[in-house]
Amino acid sequence: MTRRRRSIALAATAVAIALGATACGGSSSTTGSGSPTKGGTLTVLDHADFDHLDPQRVYTTEGSSMDQELVRTLTGWDETGSRPKLVGDLATDTGTPSKGDTVWTFHLRKGVTWQDGTAVTAQDVKYGVERTFSPDINGGPPYASQWLVGGSTYKGPYSGKELASVQTPDASTIVFQLDQPVPDFNQTTAMPGWSAVPNAHDTGSTYDTHVWSDGPYMIQSYTKNKELVLVKNTHWKQSTDPIRQQNVNEIDVKLGQDQSAIDQQIKSDAGTAQTSIMQWPIAGSDLTTISSDPSLKSRLYKIPAPGINYLAINTTRVKDLKVRQAIEDAIDKTTVRGAFGGSAYGDYASTMLSPGIGGYQKFNLYSTNPAGDLTKAQALMKQAGNPRLTMSLAVENTTTEEHFADAVKTSLGKIGITVNITPIDAANYFSTIDNVKNQYDLTWGDWIADWPNASTVLPVLFDGRQIAKLPQSNQDLSYLDDPAVNAQIDKIAKMTDIKQADAAYGALDEQIMKDAAVVPLMYMNFSELAGSKVGGVISDPILAEPSLVHAYVKS
Amino acid sequence: MTTQQQPMPADTGTTQAGQPSPDPRSDGTVITGRSPARMAWRRIRRDKVTLAAFVITVLFVLIALLAPVLTAITGWGPITPDGKAIDPDTGNFPRGALGGVSLTHLLGVEPGTGFDLFARIVYGLRTSLFVGFASAVLSTAVGVVAGLAAGYSGGWVDSVLSRIMDVMLAFPQLLFIIALTPVIQNAMQTNSHGGTDENLRLLVLVLNIAVFAWAYTARLVRGQVLSLREREFVDAARIMSAGKWHILFRQLLPNLWAPVLISFALAVPQNITTEAALSYLGVGVIPPNPDWGALLSDASQFFLQDPMYLFVPGVLLLMLVLALNLLGDGVRDALDPRAARG
Amino acid sequence: MSLLTSPQPAAAEPAAAPFLDVRDLRVHFPTEDGIVKSVDGVSFTLEKGRTLGIVGESGSGKSVTSLALLGLHKGTRAEVSGEIRLDGRELVSLPERDMRALRGRTVSMIFQDPLSALHPYFTVGAQIAEAYRVHHKVSKKEARERAVEMLKRVGIPQPERRVRDYPHQFSGGMRQRAMIAMALVCDPELLIADEPTTALDVTVQAQILDLIRDLQEEFGSAVVLITHDLGVVADIADDILVMYGGRRIEYGTVHDVLKEPQHPYTWGLLESMPQITGDVERRLNPIAGSPPSLINPPGGCAFHPRCTFKGWVSGGRCAVERPELVAVPGTGRHLAACHLTPETRQEIRVRTAAGAAQ
Amino acid sequence: MLRYLIRRLLAAAAILLVITVITFFIFFALPSDPALLACGKTCSPSRLAEIKHSLGLDQSFLTQFWEFFKGLFVGRDFGDQSVRVHCGAPCLGISFQTDTPVLSTLLGDFPADLSLGLGAAVFFLILGVGLGTLAAVRRGRAADKAAVGLALLGVSVQIYFVGLLLLYLFVDKWQILPASGYTPITQDPSAWFQGLILPWATLVIVYLALYTRLTRSSMLEVFAEDYMRTARAKGLSTGKVVLKHGLRAAITPIITIFGMDVGSLIGGSAVITESVFGINGIGKLAVDSVQNSDLPVILGTTLFAATFVVLANVVVDVVYGLVDPRVRLG
């Protein structure tokens, strides 16, 4: 999904990402031992507002994470164990597939109520899912319209029509009819979009600030770009919720502070900073200082992200495989990682699937030395006829990315490739490079899985048929349109055995890497800091966010 | 605003109009026979502060011109990274104290990239000076022409031009330049293949700054022309049926050079400041092209970890602008006998 | 008494101290180019009820002299030396604090251009009242009443209404009247009028001069009238002091100086002045050349570069030796500083008169 | 007077109209497509077209402008299918990004600018006029030279350099002040004050320089006026001469500049200060909205800022008429 939202502020607010420990594969740790205390106010500091809180519009990790306090989804992840476990949330279990994974049935829990005490019904869930289709409710993930039968023509509930492929035989049963087999559909339904919205409280495009809660907290006030105040939803019952707790009395989200100011504030641990946590990772420039400070260790959350930071090579512009392979070997990942914040940022990557994702297999087709293998690269260039090449590289206009671009330029300069750097507004970066009309040879990209499965990584990034289908939001940044890859994607999609599919995805990853269409750079980690009195924070490896569902304030 | 400075009330000894005042500053009227330019030069030569500012400015210009030579001596260019000077494990921060100051890197290296800071500063000076001077030349030229036209023509030409000046001066300028730059850059990107031409980018920057600066000069010139056109020599020329252009350029312009030069001299440091501010906000010169504003913008993100990186270009930029401002003040004091620094 | 009120050479010691006694006054301004000697050794005396006219062209030092009388050079770069005795009190060395108590009260001044000399942002009444309140502990209301009274006295119609007006709402003559009202509000003993009529048209000029004369009679003040216009002086003054290049060149009673002018510069001034009684055909001859530099004055007689009669003096003395201010023979109290002998002067006057008659 | 005011206000409205048209036109050509930003990661062309229509971006320039212009006076209704949102006059549109009315966003950010701008203005006016007067009175002496030198330094220094330096010293190094930021005064007056100390100081350093220079030269000009000599000749004390007669006249041009500065400061011109200190004001809003191609917000902030500058102009002229009895408005 869910790239972390880019900083929209100007260069003055560093974007940067976070640090990381060794990506050890989805291990989640709950820091702050002891039993949770009730009461108090938890302060969340975020440098920018959420893209959306409307569950059908949200598509960022911050928004999705915050929505967990407000909105219950059909399924959800229980992250209290050593690995995240998919459980029924609004539903009693993780759903029942039938007809070769094309029909999925969920039964709702009894006793789940809205913030006004009325029961959450299957019709509310249907209405919520239908909202996704309205042009006014834009921004969310595409899965509903991609998979639900009749989704391509349906325009949402505001037109007065219902979507026939979502059926509610009774108030507690909901059935989805899909136009293709989706064996991990119940992981999709853990995304906020698959939640209920009561028709009576739907405020359309302004629902972001009026989200009607069936979770432990509800919105008391929400001033965009300023402050979001959540208070206890008194109608929420612990007995109906396997995932969340209701420990603090209030959650204050303060929006729009400079990230490095947030870093310093929480680091100081003075006053309200003691009961504060940051939403956005520590600024790249502060990363080394904070992560290497032993006194901060107990307050630091290193969250491995199910994602990848990579350099895409436009295969339609750089057609020579030898040249692409030379690039793979030439890139000095040490300086690249340095630009993103150094060793704290994450481990060097050699695959597109990261260790926390279902389907990950460890392999390395290119230089084992992260600093690159210049001899091999130069040899490959020689085989290609030593062309004097000039390539354009698109990056965001942030300091971090510009430094990254400089590092790439230096690396490729050594094998005779001249790189022209084009920095693009951070906010417009993806809409520019996602447009198939873009003219860049090299582009920077990162991707975080919508749920920790290769099915939300490889097909999204390498199915060449989407280039024609989504000309303005193409995710295949390398423009790889390999019939063998496409066929394999289709083949895996039909597999109903997840283990079999995982193995196939691992092999597909290797197959794609042979095409040398992308240079995987780092498996990202996100690091966040909390005040000394914040407890119960879960490192959520699904969203790569500090999950607050069990958070409490120590007295 | 007027910057004329007059003596204290008590030391004006005489009041009759045109009477040589015993005020020491206006001795020029007593000692006759010197051309205004000569007198101005004489005043500048006597003004030690202005002279010092002049020397510093010349020094800066020389450094900018000799940038390739200077970097050839140190051996590090502005975009040649020194991988050994930075530590990738700490996020590419410079190794060693004071931002990596060493014999090879006189001012240390840039965190993140390992570029030599000395080289970036001497090359960045080129950009700052070029943008400052070029936009000042452009805005002064446009301002003089517009001011002359408005002041001399009067009538609807004056009305239209004056309203345009009003609009320009009422614009939230910084906001607007910030907004305008991506529009223009986008237009440029579609022209070049992939990359953006840095010279073109500089040109856009110069244009952007000049667009919002010319109105000040125009207003000043217009005011001067309005008072000059009532003077006898213009009437005389008009009576002798001199052409419009003759009067404009042969009669009026020569009498305007002092205020125009003053406004030019003060526009240069102002424009350098604006350029640096725009680059700081990320809409000016774009890294890795060296520029002081861009350097400071970059440095602002590391200033807690690597303060040297902020202080060196910051203090140098302060020195440059201060020298140019002092020079501008000196020129003004010298050209406008009534204005004295005291 | 009359002997004492008349001009005396600086060296001559009078029997009793005159009301105003200026001796060897020098006002010098140091500059980068040298010292500007605006006033360079000026002496004169003045009694109460009498009027002294100081005449000279621009830059002759007459205004600087008047400012020295008010002590307005204090606290500036100007170097003032010599003595100014007012009613026995020495003013040059008087501290600013004490001088301030005298300003506006004992010595006050009517400035040349009332439009610029009156503060544009305060009402006329407020400015007059302020001058009164500086030296009198009275309420604002009383001061305001005093202002109305003064405006009435200087002949401004509807003073109760005009007191609230701003200077720019007054006509030129009325502004000068207001200025006079302000100067006289504390009944000063010495009134200095610096070109009080220059900015006014002729009919108003006469009214203002009449007013000053009337008020002087009423208050019995001593008046120093500064002007470049000999006509005004002839009208109102008792004595005349002609200044050139910061020095005295001729000093005497109105009668003596105008009837028997001794210095070529005074002749020049007289010739450049139209006379109502004079011949319409008579040419007005402005003095050729420009005023002398006050930093490097011409050697000898400061006037010699412009003097058409220097050839009448033998041996080129004019360019070398500065003429002393000496009594004109036969008058005893008419002083002039010129190398021309009395006989030569007489001869020139006869010739010039003949020339004019032709 | 009333006629003058009406005429000036009409002229101001005309200038604002021109600025609106220009802004509208330029941002019509913005590089990015707000519909695409709203659409999300995987966006099909048909979905894009629907969103374009929903945002009204498929209409012609003139239609869009007319809708906007009309909204200023009669308000507008938003929302294509879902619940309709009414935006009352004067409607500046609804943000593409946050779906909230632009005016309410602007008014929400306004207190920050008001606090920042007015607070700093009070300090730099008083200090600047004081220092400038002192320099003028002590012309040529040590105090004057120090003031002139400091002023020149202040004029030459980069505002963000000052800001960052203050942050480095006071927050990081000496830890005297908390990390700055804006807290509404209604919420916590002490935090409001502490958070604004450094931003104020930054603005004061830069503007103080300007006002010191301005006051000094204006004062010196006034000192040469005849009426100042008249005041001394009355026997007034130096203090009274300088402060009553001198300042009264010298302050007039300063009021003009001050009015314009305050107008633009509270209208969001302190972009850099806001950005350095992380204050969410109009300036930062404008910068963010440009990055997000949020046309209604860009238009709103530009218009808002321009309105303040233009109104400040009118106010200054009216005040001028009140302050200077010679000026007659008409």
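Order of writing sets the chain letters: A, B, C and D. Residues in each chain are counted from 1.
Going forward, contacts are C-beta pairs under 8 Å (C-beta built on N, C-alpha and C of every residue); 3 or more make two chains touch, one makes a residue touch a chain.
All values reported here derive from a predicted model rather than from experimental measurement.
Compared with chain B, the chain whose C-alpha mean position is the greatest distance off is C.
Geometrically, the chain at the heart of the complex, using CA-atom means, is D.
With C-D and B-D as the two chain pairs, more C-beta contacts join B-D. The geometric centre of chain B is 51 Å away from that of chain C, both derived from CA atoms.
Rounded to whole angstrom units, the spacing between the C-alpha centres of chain C and chain D is 55. Inter-chain centre distance (chain B to chain D, centres taken as mean C-alpha positions): 23 Å. Here the spacing of chain A and chain C, counted between their Cα centres, is 93 Å. Residue numbers of chain A whose C-beta contacts span two or more other chains: 10, 12, 264, 425, 428. Shared contact sites, meaning residues of chain B that touch two or more other chains, fall at 7-8, 10, 15, 178, 182, 189, 280-281, 300, 304. For chain C, the set of residues touching two or more other chains reads 67, 72, 75, 111-113. Against chain B, in their complex, chain D makes its touches with residues 15, 18-19, 23, 26-27, 29-31, 137, 139-140, 144, 148, 152-153, 155-161, 164-165, 167-168, 172, 213-214, 216-218, 220-221, 223-226, 228-229, 231-232, 241, 253, 257, 264, 267-269, 271-272, 275-276, 283, 286-287, 290, 298, 301-302, 305-306, 309-310, 313. The touching residues of chain D, counted against chain A in their complex, run 31-33, 36-45, 47-48, 50-51, 53-54, 78-85, 98-100, 105, 108-109, 171-172, 175, 178-181, 275-278, 280, 284-285, 287-288, 291-293. In the complex of the two chains, the chain B residues touching chain A come out as 79, 81, 83, 86-93, 111-115, 178, 182, 189, 193-196, 280-283, 286-288, 297-298, 300-302, 304-305. The touching residues of chain C, counted against chain D in their complex, run 67, 70, 72, 75, 100-105, 108-109, 111-113, 116-122, 130-131, 134-135, 166, 168, 182.
Listed in rising order, the residues of chain D touching chain C in the complex are 225-227, 229-238, 245, 248-249, 323-326.
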